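Think of it as A, B, C and D in the order they're written, each chain with its own count starting at 1.
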Amino acid sequence: MQDDYTLAELLIVAAAEAWRGNGEVLASGIGIVPRLGAGLAKLTHSPELMMTDAEAYLVEEPVPLGPRGTYVPRFSGYMSFARVFDCVWGGRRHVMIGPIQIDRFGQTNLSGIGDPFKPKVQMLGMRGLPGNSISHLNSMFVPNHGPRVFVAGEVDVVGGVGYNPARWPKGASDRHVDLRLIVTDLCVLDFGGKEHAIRVRSLHPNVTLEQVQAATGFPLASSGQLPTSAGPTAEQLALIRRLDPHGMRATVIKGNPSAFAPRATGKLP
Amino acid sequence: MFDKTLSAGAVVAALKDGMTLGIGGWGPRRKPMALVREILRSKLTDLTVVAYGGPDVGMLCAAGKVRRLYYGFVSLDAIPVEPWFRRAREAGRIEAHELDEGLLQWGLRAAAMRVPFLPTRVGLATDVLKLNPDFRTVQSPYADGEVLLAMPALNLDAALLHVDRADRLGNVQTLGPDPYFDEWFARAATRTYVTCEELCERLDLAHSADARCNIVERSYISGVVAARFGAHPTSNPPAYGWDMEHLKAYTGLATEAGGWERYVNEFVSAPEPQYLERVGGAARLAALPPPVF
Amino acid sequence: MQDDYTLAELLIVAAAEAWRGNGEVLASGIGIVPRLGAGLAKLTHSPELMMTDAEAYLVEEPVPLGPRGTYVPRFSGYMSFARVFDCVWGGRRHVMIGPIQIDRFGQTNLSGIGDPFKPKVQMLGMRGLPGNSISHLNSMFVPNHGPRVFVAGEVDVVGGVGYNPARWPKGASDRHVDLRLIVTDLCVLDFGGKEHAIRVRSLHPNVTLEQVQAATGFPLASSGQLPTSAGPTAEQLALIRRLDPHGMRATVIKGNPSAFAPRATGKLP
Amino acid sequence: MFDKTLSAGAVVAALKDGMTLGIGGWGPRRKPMALVREILRSKLTDLTVVAYGGPDVGMLCAAGKVRRLYYGFVSLDAIPVEPWFRRAREAGRIEAHELDEGLLQWGLRAAAMRVPFLPTRVGLATDVLKLNPDFRTVQSPYADGEVLLAMPALNLDAALLHVDRADRLGNVQTLGPDPYFDEWFARAATRTYVTCEELCERLDLAHSADARCNIVERSYISGVVAARFGAHPTSNPPAYGWDMEHLKAYTGLATEAGGWERYVNEFVSAPEPQYLERVGGAARLAALPPPVF
């Protein structure tokens, strides 16, 4: 019974762990899984987290995704875009976003593919990546773990800073840089390797380290026996359903597979 | 007293080729689209645009009005990448000064406070520096000696905003939950022009109780244009939501040959009253629901 | 009949002139005469002036002084203290204050008398003088023109900047410094002398240039025949009464003399 | 959930000698006087205080708690110069870092944004530089090359604020027309303690409609103290005005021998409930009229 959950639901639980023990920070989950993860964290292990209604107000009860029916969010505080930047620069925030590229240094790209002066594919732009990454806790979500995301060299456009000494001007301070988790459809990574190298922290069910390494453009650190990523408890699953009453989490991973579905080997897009 | 009202055409006539224009709002939210459409109808060109971009930036790019663009993103929110902006970028047609979102407002604040720069860590160690090769660093003169990015002032020749209410004197109010950075666009600009949903003779007489919704004092407002639904197809919360049906059609045209000409012919070439009819008329627009996140 | 006005009323009219032709600036008159002057300016020659309720809101009708009875100010805009500084630094303001000392450079002091590290008399502090004086138009009001106010050397504590080259660090910009009028109980001064020297612009009735010079710690510029300061017209007087229904202007100059009262010669405190 | 409420005594016990304290409010407006009185009752000393000063600063000076003071003014408004501050200054008893008012908030913003300094023209060519000999200038790295004052960050160990409403989680609201710079004191501080007129279990449940009155997010609020009339004798608009009768008596004592001891004996030595009785009780305080300007 307890094993009756989807991969997306497992990812939500894994994402929620990013916000554990952060203290009182604004938990910003951008996208369905990160947002549900933040909400789950607040409703379980970390009630001190702050959260917005995804518009301009703070709430103490995470707002469910999608049409709200009769549910009306109640506001405990104000968080306009202007205040978001004050919050970001002040450092009391932890955001999880889905970059289009991540490199071995943890540098991230949301701007585009190719030459930034004439991109092959223009994406969103820098958005808040430079500010987020240099100011407060950051985590990432990757629903399609592969070498196009985890690139072999540097990302095409560095939006979010990482642990790449060559990028830092002399005298500049990286003291607030603190990259935490990368939750992917294959595994959970962190920056616990040597000199903040990206390290495998846990593998999702039926995923091998070799599969993960093959899907990654750079060598991953890992140590000893890797645990299997935990799926939701019955309580967590109930909370996830409450936070996502319309089942939008089913759209995150193609086919919405069970967490225990067999994986194709040599996954290379 | 005095009267700052004028037509959208008169606003655009006051703008000059090569100017730096700031555009208020945020993505597909409270954009001064009636003024943007009026620019599309004009010969104005060679603009430097500073914006948290939405269809305003996309349309100006599509029409070839933009030479240089300062932006943190250009997005329609539910449609993550603005399609016409994407085309212009991928064609290498605009000089793209991509910025962090917070850095953009910091540059506006520098201009507002009339200082040449404001320091920050944000942008260091990123390709913001590659895309803005004129940016310089500055060292703290204190014991820390830290090297910071000196975000230069984004001085604007003019700012364009859309507000809920304005009066003839130039007093303005926005009623939505978030004023975005409109205040800072105005303070960074030599002149600011607003369109408004409701034009009053005197806001102090009509809406004194909402005075705290005044986003910037009227000394920053040079001209006021009455433009009900002037933000369409972007949202103007809480009055009306964005028009996703329209934005989807607009997006669809970006991958069609002659798509922009079709959009212009259908929606831009005729003056504003016809535009409002062609997009469904006042009753439909007033009923556009606010988006739910 | 038209000559039936007090010195204070003449000073209000003189103060109002400071704001003529400024364009759309926040007119801040600190103290009874400056405030009434600003109000009078707005109600007559300069309706474009902005004004606050002396608290946090902008008004289009100057708020009368003192208890308001049934009068309720109506607000056209918001002007919190935070926004005042944004307005000041942006430069669209003209303030008239009453410094305790003014020197030949137009430098002003509101901080105290004597050594700033151990003042003989501590006054208010810098307040907004450094910011006002370096950012936008400034005028001054002196109800007791004498050498204690118009000091021979530099003011004891420089709060407001002036046209004193020795004070400006190399590379600093004084381009926004623009000192306008000094309205005193004897005369109206401006900065129209050589290199912004303080100059007599008009003399109040029954005041001689010699009296003014004798009451001033530094040489004053003046040129040709000096006009007599204009008193209020009947219309202005009616407006002044409306703006000051409780007659607080009577408290500004000791004894509330007529504008035409004889002056003691050699006025030296 | 969690609960940040504590007593005024516990707040003061958490403060240490030699700390830098920021105090919110403005002159005789919305000062956290219940916490100031609790400091007066304690042995806490050797403080660096940053404030737009009113009786908070005056009382701390009178009690010899202040070693160093950063201020733009210290005033009771209708009584232009705070009398006890004046005495301390004229006796040369405090290290006075007199600032321009705008410069003070600029230093708080620098701390809030965690940059070592923010540039400005304000303070140049004045004795701000004499009274703050540690201040340095910085040169613009751009073509203008302008030399500006580098206002250093005013980093606070703790900030003390008074608000209208707070909840146990640390959410706060102020209802007056002007929030002053309380937000920036909080953001500049490692920890912030607030007193509140009304303590709620949950502001989102009790006063959601006023959420825009939230001056800073609760991550900046370390502790919440229930203190009805906690701003007395300063004003807490729109709820009550300042107590000019009390402030006049307080001012009168400044020129009497043993005046401070008398003030302490009469008003400070007994705990807060007695204080409120001695200044006239709740009915009188609730009826103190707002000042008219």
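The rule is short, and it goes like this: a contact is a pair of C-beta atoms (placed from the backbone, for glycine too) under 8 Å apart; a residue touches a chain by one contact, two chains touch by 3 or more.
Predicted model only: the values in this text are computed from it and were never measured.
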item: Which of A-B and A-D has more C-beta contact pairs; value: A-B
item: Chain B-chain C separation of Cα centroids, rounded to whole Å; value: 40
item: Whole-Å separation of chain centres (CA-atom averages), chain C against chain D; value: 30
item: Multi-chain contact sites of chain A, meaning residues that touch two or more partners; value: 57, 89, 135, 176
item: Residue numbers of chain D (touch at least two other chains); value: 113-114, 120-121, 137, 146, 148, 177, 212
item: Chain-chain contacts as defined at top; value: A-B, A-D, B-C, B-D, C-D
item: Sites on chain D touched by chain C in the complex; value: 26, 53, 71-75, 80-81, 85-86, 89-92, 96, 98-103, 105, 120-128, 130-131, 137, 139, 145-148, 177-181, 292-293
item: Touching residues on chain D, where the partner in the complex is chain B; value: 113-121, 136-138, 140-142, 144, 146, 148, 150, 152, 177, 212
item: Chain D contact footprint on chain A (complex, rising order); value: 23-26, 47-48, 50, 57-61, 74-79, 83, 86-87, 89-92, 135, 176
item: For the chain C and chain D complex, residues of the former touching the latter; value: 53-57, 63, 66-68, 80-82, 85, 88-89, 111-112, 116-131, 133-135, 157-161, 164, 167-174, 176
item: Residues of chain B that touch chain C when the two form their complex; value: 1-2, 112-114, 167, 169-171, 187, 202-205, 208, 211-214, 217-220
